[in-house]
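Each of the two complexes below includes subunit A, the first together with subunit B, the second together with subunit C.
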Partner chain A sequence: MSYILNRILSMLLTLFLISAITFAVTNILPGDVAMMIMGTQSNPEALAGLRETLGLNDPLLAQYGRWIGGMLTGDWGTSLVFKEPIAPLLIQKMTASGLIVLLSMTIALVCAVPLGVWAAVHPNRWQDTASSSAALLGVSLPDFFWGIMLILLFARALHWLPSSGFVDPREDLLLALRHALLPALALGLGLMAHLTRMTRATMTGILNQEFIRVARAKGLGEGTVVWRYGLANAVGPVMTVAGLQVGYLFGSIIVIESLFNYTGMGWLTYQGLLNRDIPLIQASVFVIAAVVMLANLLVDILYVLVDPRIRLS
Partner chain B sequence: MKLPAAFRTSKGLIGTGLVIAILLVAVLAPMLIPADWATKMDMRARLSPPTLAHPLGTDQLGRDLLYRVLLGTQTSIFIAGAAVLMSIVIGLPLGLISGYAGGTTDNVLMRLVDTLLSFPALLLALTISAVLGPNLHNTVIAIGIAFTPFLARIIRGEALRVAQMPYVEAARTAGNSDSRLILRHILPNIMPAIIVQSTISLAFAILAEAGLSFLGLGTQPPDASWGLMIQASRDYLDRAPWTALVPGAAVALTVLGLNMFGDALRDALDPRSKGAS
Partner chain C sequence: MPDGQTPLVSIENLRVEFQGEDGPIVGVEDVSFSIAPGETVCVVGESGSGKSVTSLSLMRLVEFGGGRIVDGRLEFARDGGVVDVAQADPDTMQAIRGNEIGMIFQEPMTSLNPVFTIERQMTDGLRMHRGLSAEAARARALELLRQVRIPEPERRLKQYPHELSGGMRQRVVIAMAMACEPRLLIADEPTTALDVTIQAEILSLINRLKRETGMAVLFITHDMAVVAQVADRVVVMYRGNLVEEGPVQEIFAHPKEPYTRALLAAVPRLGEMRGKSAPEPLRLVGEDEHRLTPTAPAERGPLLEVSHLTTRFPVKGGLFRRTVANVHAVEDVSFVINRGETLALVGESGCGKSSCGRSILRLSQPTSGTVLLDKRDILGLNDRDLRRAWADMQMVFQDPFASLNPYMRLSEQVAEPLTNYGLARGSEVQDRVAGLFDRVQLPRSFMSRFPHELSGGQRQRVAIARALAVRPKLIIADEAVSALDVSVQAQVLNLMMELQAELDISFLFISHDMAVVERVSHRVGVMYRGRLVEIGDRAQVMESPQHAYTRSLLSAVPIADPARRTIGEDMNFRPIPSPVFPIGHEAAPSVYEEVAPGHLVLSTAFD
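The block that comes next holds the complex of A and B.
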């Protein structure tokens, strides 16, 4: 318990640091919000007036205090591009992204673990070569390239799935899944390749250990040895890597959602970045980093629950 | 001289071959191919499929894709190389000091690094690039900063491991100063890990540059990079899929080569990881 409590305390400190870094990065800009609202050709006096109203003349620390206070109380500011309050906008988009992130993580794990085990069980045979080469190719192509290939194949050539757009699952679940499938696959392929490589490496290490030899010598079937004894020990490390990849996924959704016109958080962040919508950039960068950190915390806690060795030590 | 065993595998050989070939293209292409060959527009042959005149086809402005992809190599390699170099220049002292000093210094530095690791590297790079204004140099800075925490973390881990070795202890007892211990005894022993990590980071940097440029927040025209070429192909996918396939293949070959080379390098330099991937 004290371990988990410790982790939560350190999480709060990290959240504070995340907010400070987000604020610092977005404040090294030459221009400012007032300039973005009124345009570069605007009247200097009106500009100065707006700066005063927005509090942009206050010391940075005071501005930071106001911003973080707003973030904590649910007032995330107003988007300059969408002219809407950011909090409801971002939360709505977050569910859209949650759908493809979960879907891609599921696809990746379901395919990668058996493939990796399969390769590890047949080291240096064709099964290993095939699975490892496919995985190597998978990690070597940018995910938006996979996205383009998927669009060409499943949307343009076969007409099986739509190539762009987002549908709310609460309105039409089937249609929503059809729209989410291609972006989720584009996200998941690279991840799958990475996890296959990881599973293979972890399993290879485990299958060479003494206790596996003992299990075989006891006359246990190969299936029991590999799945019950081997994989049980690989779950932790593979889960950790999968958890770390949540960060990678939340980076990739910016590219993939833009490519598929899937209006989730990545798409929203991209609109903010393109239009230098500072309040929107600050809020979404902060939220994404916080989500990634929470996901990693969750994995750490799960790891303790799954692996008794850590719980006891 | 005989090649290390790790490089005599087919993977090691292909990887090394690809890396050498790509470096040669990056250096030689701009010397051998006049720059205007890549920008010359042939309006009668727009979106032309591969032909004798244009072996890899042309883009929407009738520009030859073979020349564009060859000349784009230098831009992509330069950005990736400079970005990785930058992350080493910042990450190396951070990691070395953190791993060597331990205690509070280590705690504070690594807390900062861990926080930075909560930001997806691509998101961090995109934000920095958008904030600084996208161009070639800011792309380098954006990717360089985004990759720094990874390198700092790995270097710190290695430094920590080596700093506890008996020979470092012996050297300290012999009266060597901290800086001498770090530079003469620790740094040379973590070089292999740094080299391997740099090779892998280089592959990631190529992908990151492609992603940034694809979103219009990286290299800007008239500079030609692979990501930019894929971005330009988006509107013509139906009629001319090769406009995406050609730069996509260039990225794939480069990253594939770097990954295979990196794997072989790791096996050669660090026997513990033999056959790990």
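The block that comes next holds the complex of A and C.
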């Protein structure tokens, strides 16, 4: 129990640091919110008045206090570009991105784990070479390349799936999935390659352990030895790497969502950055950081379930 | 093989090859021997002799390690007739493994699956081979745990491997191998990784189970003392071939082959130093007898004086990683090493002997006490002076492969201390290094090699040469020969004794091996739970041990003589309690009673 509490505390500390850094960095950037609202050609007096109203003349610490207070109570401010409250906007976009992130993670895990185990069971044989080469191909090419290839194949040539756009899953789940599938695949290919290599390395180590030999000496079948005795030990490490990749996925969605014109978090953050929408940028970074950390916390909690050695310490 | 008895196992002309990068590598060249029902056959040999490969072949597990049985027959007598294991199909093998042949391995710490409960691991074999229901399998598992004398068996079933001690895990592994009442138990170095008292318990357990069930045992080991204690017959292997085979008394009393004789000569036997005043080199077959031998050091005054040395390590825990307890690794230890003398520190794992050695060098920072080297207070030195002081005291570690940098040539590594301490410059460095290679009896051609090109014993010589480079007064050898094969161990021990006689070096010889300690040391200190429980001349401690712990430790040591079997049918030693104490725990000072001049015995009671 203290293990989980420990993780939660360290997560809160990290989140606080991220919020402070984000806030500080966005304040160092030239041009403040008042300037963004009124434009560079505006009347200096009106500008000063607006600054006063927005509290931009207060000490930075007070401004930060007000902002983080708002973030914690659900008042995330108003977007300068979209002219609407940020909270509902972010939640809607986060749901959209969550769908492709989850989908890509599922696709990656479902393919990577068997491939990695398969390679580890046949070390230095053709199965291993095939799986390693495929994985190398996957990691060495950027995901927007896979995105373009997927659009060309599944949308242009085969007309199986839509090439762009977003549909809210609450309106039409099937259509939403059809729209999410290609961006998820583009994201998942690199991830899958990564996880395959990771699974292979972990399983190779495990299969050389003495308890595997003991299991064979007991007369257990090779299937049980590999898929039960072996894999049960690999679940933890593979899950940890998958959890860390959630952060990488949220970085990648900026490009992928723009490519597929999928209006999620990545697309929204990109719009914010283009238009110097400072409140939107601050809130987005904070929310993405929080989601990535929650995903890792989830991994830590699951780890306790799969590895009894953690329970005691 | 007694006449008229059908063998249980009959191995004929076994040949096993491994796939190497440049063609096949022979693991076992040509081996034939047999095992009668109820018999214990020991296969003994040094690393690379093919003894493990032979046992793995019998289970056809050698294939999973990349090996292939290319020739020979491995006949195993089943109920329905004799089967050639070398030709058996996978289904037959699966029916034999764990059911008719049980196997246990060297590392109890890694032999059990860390993420499954003991119950699951003990019952899956039973459910598969015997078709037992979950309850029936559980009942049988309980019965087995009782048979191997594990306390609180019901609770153990629900536990995970990491919650059990090493000795208990090995008992579980044995119980697992015994589950289906096999006719043959293969034990591959089952006690090599264990402390000597636990080794004695496990050996006596295997002996008892063998008697109770009538199974045969194929015992693989490198340890001649273990062979002497458990074997009925012995098979000696060397480089993939069978060298000699015979009844155990015959092999020990009248070895026929030169290799067997050399192997036996290299084994120190506890008790053989009785009545000798100084350490004595081991007799190596084929080596000249005119060696320098250490003598009893004349009273030339103390070199190292350790008093009230205490080292504690904090145990961190909780949300803020605060210190929640202390490991009392070294607790109020005092001793003196005289010039040219070897003091051995012996004890089981976790007793604090290594921490003690490291604390003297301040590789671990002591909590309190004083360490005087040549009257100089080591614990009071600042970092710069401490670094200089290290020129007088060097350390040789257990694993020479880990203590040598794999990316540096050996000459560079031996030269490092010379340049670090500014002891030599320019061409003089190479000359000094060459001299050091001569001194440790390594050819000079090795100077430009890398560590992986050397054998274990050669690497340890390099480590010794490196320690010698700064002409130290004291060398702390921490299990320096434990990882070496016996013949190599004997050579390195002889080298150390020679260096002592020649260069007047003092040794702090840290070891778990009582027979080796008896051979090399002038004085012996026994450590237990961080304290020195007994110290005195070698003869005093080894021949008339006074402290209860010293006595039980000595009683557990297997003796390399089949005529002196000390491993009984049921040995049980008290498990060593945890050295972790709450913060603020005040340990009582160590008080000693002088039972004879220079022979001190701890009278402080342990709490």
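What we mean here is this: the second predicted complex is superposed on the first by the 312 of 313 C-alpha atoms of A that agree within 3 Å, B and C clash if a C-alpha of one lies under 4 Å from a C-alpha of the other, contacts with A are read in each partner's own complex, and residues count from 1 in each chain.
The definition used in the following text is that contacts are C-beta pairs under 8 Å (C-beta built on N, C-alpha and C of every residue); 3 or more make two chains touch, one makes a residue touch a chain.
Quick caveat: nothing in here was measured; it's all calculated off a predicted structure.
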Subunit B versus subunit C as contact partner of A:M293, first or second or both or neither: first
First (subunit B), second (subunit C), both or neither touched by A:R276: first
First, second, both or neither for A:A215, with subunit B first and subunit C second: second
Touching partner for A:T204 - first (subunit B), second (subunit C), both, neither: first
Subunit B versus subunit C as contact partner of A:Y229, first or second or both or neither: second
Which superposed partner A:G247 touches (first subunit B, second subunit C, both, neither): first
First, second, both or neither for A:P142, with subunit B first and subunit C second: first
Chain touching more of subunit A, residue-wise (subunit B, subunit C): B
Partner chain(s) touched by A:L9 [first = subunit B, second = subunit C, both, neither]: second
Sites on subunit B touched by subunit A in the complex: 111-112, 114-124, 126-128, 130-132, 203, 207, 210-211, 214-217, 227, 230, 233-234, 237-238, 241, 244, 248, 251-252, 255-256, 259-260, 275-277
Residue ranges of subunit A in contact with subunit C within the complex: 2, 5-6, 9, 209-211, 213-221, 224, 229, 232-233, 306-309, 312
Interface residues, subunit C side, partner subunit A - complex: 59, 61, 64, 94-99, 102-103, 105-107, 110-116, 124-125, 128-129, 160, 162-163, 173, 176-177, 318-319
Subunit B contact footprint on subunit A (complex, rising order): 13-14, 17-18, 21, 25-26, 28-29, 123, 132, 136-137, 139-142, 144-145, 148, 151-152, 156, 197, 200-201, 204-205, 247-252, 254-255, 258-259, 269-270, 273-274, 276, 281, 285, 288-290, 292-293, 296
